[in-house]
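Once you scroll down, you'll see the structures, which are given as structure tokens.
After this come two complexes, each holding subunit A, first together with subunit B and then together with subunit C.
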Partner chain A sequence: MNVYFLKEHDFNSFMSKMIESKKVIGPVAKKSKFVFDKLESPEQLRLDYDVTILPPKKEFFPTCQKLVCFDGNKFEGCINPQEKILFGVHFYDVKAIDMTDHLFSEKNQDWNYLANRKATTIVASNIQKVSGRAFFASVGKEVGPKGHDAFITKINGGYVFEAITDKGEAIVKFGKFEKASDSQKSEAQSANESMLGKCPEKLKYSSSEIADKVRKNFTNEKLWEEAAHDCFSCGSCNVVCPTCYCFDVQDDWNLDQKTGTRSRYWDACLTEDFSKVSLGGGHAENFRESRGDRFRHRIMRKATYLNEKLGGPACVGCGRCSSACTADIADPVNVINKIMEAK
Partner chain B sequence: MSKPKVGFFDFSSCEGCQIELTNYGDTAFLELLNHIDIVEFREAMTETAGDLDIACVEGSFTREADRARLESIRKRSKIVIAYGACAATAGVNALKNHQADYKENVYGKDAHMPHLDSSKALPISAAIKVDYSVYGCPMDKYEFLRIVTHLLHGKEPVIPNYPVCMECKRRETVCRYEDGDHCMGQVARAGCNAPCPADGIPCEACRGFVDQPNEVALVKVLKERAGFSEKRAQEKSRIFTAALRSDSK
Partner chain C sequence: MCNCCSSNNHSHNYDEQNIFLPKEAKIVRAVQATATERHFTLRMASGEKMKFDPGQILEVSLFGFGEIPIGLASSPTRENTFDIVIRTVGRVSTAINKLNEGDSLFIRGPLGRGFDLNLLRNHNILVIAGGIGLCPTRSLIQYIMDRRSEFKKFSLFYGAKDPSQQMFLEDLANWRKSNDVDFHETVDRGSDDWKGNTGVITTLFKKSSITPDTKVIICGPPIMFKFVIAELDKIGVARKDVYVDLERRMKCGVGKCGHCQINDKYVCVDGPVFSFDEIQNLEEAI
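Here is the complex of A and B:
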């Protein structure tokens, strides 16, 4: 595919034309933080964001998603995918989307996710500012970003736009793009590479070394109880995680008591009731009853259990969990480096 | 099928949760009345009824003399709902369990009137079996509607046992701590959809604690991240959870 260049002063008209004809989602400011939201004007777009509160997967897998509408005994699916462009996704989130794409399409295909995903064009962007807890340069290095349709990189005087798929190429018509020169391409490459050296946090071991040692510590109960001592079981680390994909399904009736909807909500394995199962007769059993059990489960899921399926850990180093945890115990770098350094 | 008979009752409370029922607006409230029969409701009618399908009890259990009335409500009701924070967790009423001079402070020269005599403020579950609780001060009218709806369909209502943080994250509210503030969302029972932090106000845990709050970690975070003194951090969560804390009396 082609690599283009767009001059700085042509950028806003490119965005305006795209917003006029398509639904465009991009990073926008929310107080001191950033969120992915629908763009109404090019000025809202903040490609200089560090990280968003929630990952962009919410565009295919909303925090609350209506699945089925019912009327008495009649029911029908209410998934209504809309064509959209997800603009300005950092490479770590591209990696995470590729993981959830895989997890939602293996075995039973989850059409509620895949329909929205297929309707989306993803334009990745270079990281201009690194968040305070990021470690994307040292985690899962064996897994590269893929599945995006284009990649836009800010360089001096404009943007280098690499079209990767036909969907990505289709965006070029909105702006005054010209072919990128070799020097512009290499400037873009070094802009992306240089950000890897700016992560404030670092995992010191390879994915396979980590997977082995973390798994060996499964029965080290003291370690997990200590690590989880200050855990609120609040689930914040799960909810902000770009690779978490668990959900709970609930039914709601409308006031007429006849019609209603079945919806799914993001769930979190750190919360107490997540692993509570019915034994019938009003009795229940919780198979991860202690904070330590639940804390261990999250680290196992991120560092070992999914590695074979995904080709690397189910963590992309965005640092969202680290900053969302008010007790500051969720940081995978701290937990994993501590396990690795223990005897 | 005849409509389920529903009654409302009040004990020590401001009766605000019953008033909240009238805040649905005409359409929703009148639609609800197509599906339930409100047969006893002191706020709005004088009639009393016999057997009930659902009794909604507002207010805390604060006088031994109230036990018999609570027991009689229980006896004639298939389902008892603790309606609002005072009934469900004893709410702010339980603050008095930690004070000796509250009567003088509140009632002044009338402090020794006999009808003001009361014992500890407790949730109604201290006197009778409670089937479901609608938490919150005031209770969330949409949650109440959801619970009643599930009961109408013979389904078990789902009442969250996860903290308010989950709801803030789902709606991408900037954390109060990120704004240099404090919050108790980490230990507070969700279900309200976290409106306060979204408006820039810390969660005061008006719905009470989750089943297993990490009180030690809360004190630590209030001190280290919000800059609270030891005393303030220790006492902070008492406002709505005095009867739930590990030092409850």
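Here is the complex of A and C:
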């Protein structure tokens, strides 16, 4: 596919044309933070964002997603994909999306996710500013970003736009793109490479070393109880994670008490009820009863359980969990480096 | 226009692939099995026969209340109906247990991995069912009884808390007098008119003679497993010949939602039936 250059002063007209003809989701400022939201104008777009509060997975896997609509005993599925362009996704989130793509595709394909995903064009963008807890340069290095349709990189005087798929190539028609020169391409490459050195946090070991050691420490109860000692079981670390995809399924009546929906809601394995089964008579069995059990499950899931399926850990180093954790105990770098130093 | 969510364009192109769309089943028989358990016999509303393996599960739902995972409680060798037993516990099960013959339930499935009959045929079989664990194992028990010649000696141990908690009373009466099954039962607490064995389920081992070449199926409360396994170890039954039917919270039944995960296994797709050697080193499993 082709690599293009777009001059700085042509960028807003490119975005305007794209927004006019397609639904475009991009990073926008929300007070002092950033979120992915529908763009109304090019000025809203903040490609200089560090990280968004929630990951972009919500575009395919919304916080609440209707699965089945019912009216008495009549029912129908709710798959209703909307064409959209997800613009300005950092490479760590591209990696995460590729992971959820895989997990929703394997075995029983879930078209409630996949239809939304297929209807989306993803334009990745270079990281212009690194967030305070990021460690994307040192995690899962064996897995590169893939599944995106184009990659846009800010360089001096404009943007280098690499079209990767036909969907990515189709965006070029909205702007005055010209062929990128070799020097522009190499400037883009070094802009992307240089950011890797700016992560404030760093894992000191390889993915396989980590997977091995973390797994071996499964029964190190003391370690997990200590790590989770201050955990509020709030699930914030799960909710902001780009690779978490656990959900609950609930039915909701409409006011008429006849019609309603069956929906899935984001769930969190750190919450107390996540693995709890009612036995009746007020009794329950909780298969991960202690905070340590649940904290361990999250770290295991990120560092070991899914590695075989994903080719690397289910963590991309965005640092969102570290920032979101009320007690500041969720930071995978701290937890994993500590486990690696355990006997 | 969809009445419930005001959407104009649900795409029905995906209906065939939508793993969350249930199918309607009609209740052809509903019996109160115990004070808290209700036994339903169902038939698909479409008339089709559901193909399943003993030990597989269904997601059973009632719109507006929700879905719950339930083990199939009858054998695929039986007509074109299938049984489930539901304990009144929460919102969904309470609503379902108010239903009667002619009402509809909605099901997804069969889901998961049931018993591998090829591994069980031509072997001595022992099924150990504690409490409500008799429901999913009944799918296998019926199968064996229906195709008795395909199996060698068949033993069945059943334990309930007290006589009022015993389920499938017709089946129990048949098994007690049948020559096809070496049946033993116990209750934790007897009653005035209880003349059978009293004590935990492992007390039944001395009533039978289980040989080391037996394939053993265990389903019951988690606490039961380790005591039963200890007995089987004494007899010398290999752990690869022991199968357990696990229970977990399952919301999706298709290996996505994460609730039933044990290490890297999902009980809803990799199980609920596991051979014991598969999970004995899997922390959190038992």
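In this text, the second predicted complex is superposed on the first by the 339 of 343 C-alpha atoms of A that agree within 3 Å, B and C clash if a C-alpha of one lies under 4 Å from a C-alpha of the other, contacts with A are read in each partner's own complex, and residues count from 1 in each chain.
Here is the rule we go by: contacts are C-beta pairs under 8 Å (C-beta built on N, C-alpha and C of every residue); 3 or more make two chains touch, one makes a residue touch a chain.
The model shown is predicted, which means the values in this text are computed figures rather than measured ones.
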**Asked** Which holds for A:Glu272: it touches subunit B only (first), subunit C only (second), both, or neither?
**Response** first
**Asked** Regarding the shared-chain residue A:Trp253, is it in contact with subunit B (first), subunit C (second), both, or neither?
**Response** both
**Request:** Have a look at where A:Cys234 lands relative to subunit B and subunit C in the superposition and call it first, second, both or neither.
**Result:** first
**Prompt:** Looking at subunit A, which partner touches more of its residues: subunit C or subunit B?
**Reply:** C
**Item:** Partner chain(s) touched by A:Val68 [first = subunit B, second = subunit C, both, neither]
**Value:** second
**Request:** Return first, second, both or neither, reflecting whether A:Tyr305 touches subunit B, subunit C, both chains, or no partner chain.
**Result:** second
**Request:** Using the superposition on chain A described above, determine whether A:Ser186 touches subunit B (first), subunit C (second), both, or neither.
**Result:** neither
**Message:** Per the contact definition in the header, classify A:Ser21: touching subunit B only (first), subunit C only (second), both, or neither.
**Reply:** neither
**Message:** Touch test for A:Val35: subunit B only (first), subunit C only (second), both, or neither?
**Reply:** first
**Message:** Identify the residues of subunit A that lie in both the subunit B contact region and the subunit C contact region.
**Reply:** 250-251, 253, 257
**Request:** Please name which positions on subunit C make contact with subunit A in the complex.
**Result:** 2-5, 7, 9-15, 17-22, 24, 36, 61, 63-67, 87-90, 104, 106, 222, 247-249, 251-252, 254-259, 261-264, 269, 283-284
**Request:** Give every residue of subunit A touching subunit B within the complex, in rising order.
**Result:** 30-33, 35, 53-54, 63-64, 229-236, 239-240, 250-253, 255-257, 265-266, 268, 271-273, 291, 323-324, 326-327
**Request:** Can you check the complex and tell me which residues of subunit B touch subunit A?
**Result:** 28, 31-32, 35, 145-146, 149-150, 152-153, 155, 158, 161-163, 165-166, 169-172, 174-175, 177-179, 183, 185-187, 210-214, 216-218, 220-221, 225
**Message:** Using the touch definition from the top, list the residues of subunit A that touch subunit C in their complex.
**Reply:** 66-73, 75-81, 103-104, 106-112, 115, 218-219, 245-251, 253-254, 257, 259-262, 264, 267, 269, 274-281, 285, 287-288, 293, 297, 300-301, 304-306, 308
